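First up is the structure itself, then whatever we jot down about it.
Chain nomenclature is as follows: A, B, C, D and E, assigned in order of appearance, with residue numbering initiated at 1 for each chain independently.
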Amino acid sequence: MANYTKRVKYKKHKRHINVGARPGSIIIPDDALPPQITIFSFNQDDLQTSKGKDMKTITQQIAKCTDHTHWIKINGLGDAQLIEDIGIFLGINQLVLEDVVNTHQRPKFDEYDGYVFGTSRIIYFNSENELVNCQFSGIVKDNIIISFEESHRDYFEVVTTRLKAGKGTIRTGGPGYIFYALTDTILDNYFVLLSQLGDMIDQTEDKLYQSPDKTIMFDAQQLKRTLITIRRACWPERDKINDMIRSESPEITKDIKLFLRDAYDHCIQAMDMVESYKEVTSSIIDLYLSMVSNRMNEIMKVLTIISVIFIPLTFIAGIYGMNFSRQDDHGHVIKDNMPELYVQHGYVYALIGMFLIGLFQLFIFWKKGWFNKL
Amino acid sequence: MANYTKRVKYKKHKRHINVGARPGSIIIPDDALPPQITIFSFNQDDLQTSKGKDMKTITQQIAKCTDHTHWIKINGLGDAQLIEDIGIFLGINQLVLEDVVNTHQRPKFDEYDGYVFGTSRIIYFNSENELVNCQFSGIVKDNIIISFEESHRDYFEVVTTRLKAGKGTIRTGGPGYIFYALTDTILDNYFVLLSQLGDMIDQTEDKLYQSPDKTIMFDAQQLKRTLITIRRACWPERDKINDMIRSESPEITKDIKLFLRDAYDHCIQAMDMVESYKEVTSSIIDLYLSMVSNRMNEIMKVLTIISVIFIPLTFIAGIYGMNFSRQDDHGHVIKDNMPELYVQHGYVYALIGMFLIGLFQLFIFWKKGWFNKL
Amino acid sequence: MANYTKRVKYKKHKRHINVGARPGSIIIPDDALPPQITIFSFNQDDLQTSKGKDMKTITQQIAKCTDHTHWIKINGLGDAQLIEDIGIFLGINQLVLEDVVNTHQRPKFDEYDGYVFGTSRIIYFNSENELVNCQFSGIVKDNIIISFEESHRDYFEVVTTRLKAGKGTIRTGGPGYIFYALTDTILDNYFVLLSQLGDMIDQTEDKLYQSPDKTIMFDAQQLKRTLITIRRACWPERDKINDMIRSESPEITKDIKLFLRDAYDHCIQAMDMVESYKEVTSSIIDLYLSMVSNRMNEIMKVLTIISVIFIPLTFIAGIYGMNFSRQDDHGHVIKDNMPELYVQHGYVYALIGMFLIGLFQLFIFWKKGWFNKL
Amino acid sequence: MANYTKRVKYKKHKRHINVGARPGSIIIPDDALPPQITIFSFNQDDLQTSKGKDMKTITQQIAKCTDHTHWIKINGLGDAQLIEDIGIFLGINQLVLEDVVNTHQRPKFDEYDGYVFGTSRIIYFNSENELVNCQFSGIVKDNIIISFEESHRDYFEVVTTRLKAGKGTIRTGGPGYIFYALTDTILDNYFVLLSQLGDMIDQTEDKLYQSPDKTIMFDAQQLKRTLITIRRACWPERDKINDMIRSESPEITKDIKLFLRDAYDHCIQAMDMVESYKEVTSSIIDLYLSMVSNRMNEIMKVLTIISVIFIPLTFIAGIYGMNFSRQDDHGHVIKDNMPELYVQHGYVYALIGMFLIGLFQLFIFWKKGWFNKL
Amino acid sequence: MANYTKRVKYKKHKRHINVGARPGSIIIPDDALPPQITIFSFNQDDLQTSKGKDMKTITQQIAKCTDHTHWIKINGLGDAQLIEDIGIFLGINQLVLEDVVNTHQRPKFDEYDGYVFGTSRIIYFNSENELVNCQFSGIVKDNIIISFEESHRDYFEVVTTRLKAGKGTIRTGGPGYIFYALTDTILDNYFVLLSQLGDMIDQTEDKLYQSPDKTIMFDAQQLKRTLITIRRACWPERDKINDMIRSESPEITKDIKLFLRDAYDHCIQAMDMVESYKEVTSSIIDLYLSMVSNRMNEIMKVLTIISVIFIPLTFIAGIYGMNFSRQDDHGHVIKDNMPELYVQHGYVYALIGMFLIGLFQLFIFWKKGWFNKL
């Protein structure tokens, strides 16, 4: 984290706009990754895991474990057929499936007959220090939760670890609890991100106080853009959690709502931090700009003092450097021409005069307060 | 899109203000285009199309196809008589017809006895790269939808294509679904526009980082104005869609409302992008201004360092360029006048002195940190 | 409209504050004009007009035309006695009469027992191009509407013309419709004003792109003040119209409410334009300021390049202009003193040296990108 | 009002913070004035006045006039015992009494069992032109109103005059009407203040257009602070009046509520003026800053044009001022050394050359538009 | 408080983020202090105090004093076991305990079955003049209130003093009253802080008027950050108090709600002061920046006037310093070469000419108003 100035980049993928397309069309972006399916089937005592790449993996596992809760974890959305098969298998609306693959959704929570659907934004710095902003979606129906992630990264490792350990409500809370746990992990990662940004702000402020240079504006710009990204994810996330708390779906039990209220508080806290960080970033910029302005002022003062002192002196030297002739073409002395040059001690008097003029000017500047620090 | 600096222009047409005119007056602007009427009459199995320029085309087609849904598509609003005839034919309020021809309406949705009326803003870059902001209005009554567009451009080609293909709900959803499909197409085009703006912002930002020049301010200005235009269309569009969702007109069926909820989400997403783009544009401006300020600072520093170093040296040279005479008019040596000039090695001492003064000044500047990058 | 820079002035009249005065006091400002009364008595078939200056005119006309609607149009509020007589004649609350003469009311609509009262702001550029902001108030009771205007200007000419022509609902809509028509005329005039401002903004923007000078800031300032004035009138006007729509007074019939809804839309549209114009004005200012900043930058660059190139060269010329003597007082050659001056080709070498130094500096500036356009 | 730059000062009194003190503690600030009690006991026909400094004055007067309304006017809060005695006499809650003496309350209106309590901010310029911001509080119970003011100033003179004159509802409206009348007087004085500020703004704007100097920023700063002060008083005042209107206390009769609605309108009008004045002040600052910026620009242009024209010319003069010798030490002519100096008409050619160079530079500047007014 | 520029520092402790951790985990930060337990058991007549470090202290004291109200005051949160034991002893939800140890909560008030939980932010300048922002939490259940503070500082000394004195409701108001008293003390300290900030603002403003220097920007930056911190605590505190007022818990009695309404007013007053202080700080910054800008202007004017006057004069001196020879190599007089130098009174004429040029320039500057103060 030595030099984060060059650090924050944005992984862009083109948005696919199919103007006037039939609503509910499932159109896969070209750069989508092939899906990896992991299924966790668990109850209080048992946990079975299977991996695969197609629909068969899912149907077999669900057929095998009848009294289990199933978490179908799909990493990569590159297979339109799979998404549609899942839609048919569970009876999911086409519009929902479109939202799963069109990965620019704002966080939201929708209730449908027999199932609920939610999305969130996963935001993190990847190993190349690019800011990744991708989509998580989840469908909860009966004893099944399907989670969709864009990348193959094992983002939810902490949740699978807790699941394997089997501690706490995670095995018994049902698919709704898993959905909460995933959302909560995403929120926790916002705090990780905000803590990194907090460090960046501190570094930038230290730089400002110790050795300000023009990278500060770039740093501040990066910070601002990252904060805008987090805020854009956080605001609708709060509304989403609120919708979940007020939801009457059987999937969101009263116990889960208690946890959700906690998540809601975290969300507000994150937004609160974003706003504070934005204000601090703004005041860093203001302070920096005022330092630039002051610096300019100081430079101008040095230039002006030196110039203004020497310009008249140089002029006087120029005067006595003129070649007005003491003699006309006929060799007669022209008495009026620069008599000072021919006077005893003339040179000394000239130097003293210059010195006094310089001194007088310094005195004027001192009176005007130019030697104070404005 | 190589150089979009000169690109965004606004196609202006004068607003016609008829102060104190009777409400409901249909006054056609001078530059309105002559109407082109296209009628699509369709049911699940059949699609008939006819084109024309007057009321007769409409009445004949409607008489002919009795169990069809009719989409009367009117491009060009230059015929007051036609508008009034349609009004009489369908029993439309004069105030509604006035809103159709007075093409500066904000998006809105109004319900009347037996029919509904809605307007939207169509915004796009035309082939001369001018930003066009014109009006779409639609009236839905029974099995008829009439759509009014200002231009002859085939803006809704994608919808007519889907209609001809006959896939999806488009043939069976009734005139309300057509109205939704047109609105949705307009919204999709906002995303096309926003994606173009996103590219412009990226280009401007790249320019800022690579070769900043003063066109950046003009680009930013253009971006801002375009964003203001989209926002002015998007905010009331959201309210309009919301009004449609809460409407109890039989024309807006429950199925359509499901799609409208999707369109509502898109609308919020568009507004969200507009806000983010505005913030990013602002921070580009801030960064650019700080670069200008820094550049000025740098220029001033160079000027000051060079000036301040040479001004005293030039003064010294000036001193020794003075013509104080070594001899008075009588040929006697004046010992006091510039004895330095007659000293062995005087010139070398003078050069060394100047060199040391210059060095001392550089040292002072170095101490003051002027060689650092503020 | 060639030069509107000097154009926007504000006609000020002192506000009269009678601290602690009894509420309902009718205190006439010194500069109020004497009243001119015009009465239009009309029904579907008949229109009678009479003019006068006192109460008698009113009572006679009303006594004469019993089955007519009366519009008592009063221009000029300079006669306290008349106002009080009208109040007694129609049984109007003292607080209402106070609001009529205290012409700094925000637009509002109040319902009283048996009558309604409303005010609006009339805003226009008068023939001396001053921005006039004066008050319109109207009282509607039974079959009578009394309108009060501050000036003698025939502002509502369009309405009286329509009344004389006898077309539309204007003769049959009752006093409430006249009240609506007057309000609507005021609103229409906001659009005239906004259209003038739109032209000014376009002119200012053209000036900015073609020949920016410092009048732009003054223009922008004028635009802003005018926009603030319109906004101050428009916001409460919207609330007023809304109050009228929700009013249950018999004077505001259901038909009038339909028209009022249209006026409400216009009002929002006007506010929308004001906000857009304010944003555009702000961005014009920003652009102008950045141009000033850039201009300064450019000037500094020219100064710096020329200064920095010539300062060292002039110094060198100064060196060789020094008068270090080749001979001491005894006529011996001092070999060390400026031997360059006595060398074959010395002058040519010096010129070449200066030329190379200048070239080197230009190269440095070119490397630093000073010849690019920041 | 010739020079109000030095005018706006803030009379500060230290806020007394008694951390963790028992709520309801009556702690008198050190600089509080001793109380002056004036009692007006009146009914329609009679008005009796008595003055005093202690509780006895109050009890005697109330005992004496049984069928009167009593207005107990207390100027100066320096006697904790008196405040407590009044509290006990009328059965007032300790928290209310604390609010009376802790004179930093925001305007508010609270209802208690059997009495109501309200505070407002009295704001005015005193005779030393300091902005005074002190507290008015009033308690209305049965037929008694007690008003508390911080200063001995006869701020409510207009109300006592009306009371003595006995005109209007003031004698018969009960203590609630007196409370309204006092509040209304305070509001009227906001308009006096705003009118003074309006004059100041006009003066500042005139100064800006005629002879701008740096006092403008100080003036604007003063205006802003004063506007902030008024706004801080006005916003909660509006809520307070609204609370009074919706109050169901018998002290606030229906008639009074009619007047309060008028006061409410005044309050909104005052806030509206404050907001406009703030915007105008801001745009004065913007305009001034842009003038400073333009002035700098102009100065830089003059400096640059003069410098850039003369620097090369001076360099050329410097060249021909060099002392390259025409003869070497041995008296041989060195042909190469400055042959220009020995040429017929050399001097004239040099002068012409300099003149042409200067002209050429002027032409370049003219081409660059430096002689236009940016 | 002589120099508070270097004063405001922020005591930072790292936030501990346990991504995906089981909700309700009690994880103690490394820098948490060991707990000090003080128990006050009191009724109207009796007050018993005991101190300790573990659970036993608590259970013994509670067992001993059965008809007392217990205030368990815990300073330092470094013992996870203790927190958990207290949780088990009183039956407190794990999520609540997590909020107690995770000391970055926003102020909030939550009701649970049988107990209530609230947090506030304690903000003060410690003896090293660092701004400390730490957490207070309180749990009220039956006759017990447990308060948790992060530091060992005796922040609530005033409350314990009042408790020992036994005056007022503090002994009889129950644990809810103690909770109110602690919250109120925290609020009172906000006013202490705001009063310190008010002094700082006054000092900064004085500095601005008397001897402005660049520390002003740093001071303003510090003020702003401190104000942001207070506002972040104050806004949710207001909501919290409001929640308490609307709470139906038996712990918050009707009497306490009366006091809470008072605290609510204080909270709004504090927020109001924060907003005013922010505006004043902003306008100080604006004024300072304008002073910097004016100062620059003044410096530039001096530089320009002196430079522009002397540059042409020095050029003329340079001209007459040129060495154009009066004789060609053959000794012939070259009449054209600088004849001015050989003219009678030439030198005097030259000096007079220079003087007139300088005078003319001064006249031009005076005409341009450069000697006015812009």
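Criterion: contacts are C-beta pairs under 8 Å (C-beta built on N, C-alpha and C of every residue); 3 or more make two chains touch, one makes a residue touch a chain.
No experiment lies behind these values; they were computed from the predicted model shown.
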What whole-Å value do you get for the distance between chain A and chain B if each is reduced to the mean of its CA atoms?
25
Euclidean distance of C-alpha centroids - chain B vs chain D, Å:
40
Multi-chain contact sites of chain E, meaning residues that touch two or more partners:
291, 293, 296, 300, 303, 307, 311, 314, 318, 321-323, 338
When you draw the chains as points and link the ones that touch, which shape shows up: line, ring, star, complete, or other?
ring
Should the ring be read from chain B with chain C in second place, what is the ordered list of chains?
B, C, D, E, A
In the complex, the residues of chain B that touch chain C are 12, 14-15, 17-23, 95, 104-106, 108, 211-214, 217-218, 221, 224-225, 228, 232, 285, 288-289, 291-293, 295-296, 299-300, 302-303, 306-307, 310-311, 313-314, 317-318, 320-323, 326, 333, 338, 340-348, 350-351
Touching residues (chain side chain B, partner chain A) in the complex
156-159, 161-162, 167-168, 170, 181, 184-185, 188-189, 191-192, 195, 258-259, 262, 265, 268-269, 272, 276, 279-280, 283, 286-287, 290-291, 293-294, 296-297, 300-301, 303-304, 307-308, 311-312, 314-315, 318-319, 321-325, 327-329, 334, 336-338, 370, 372-374
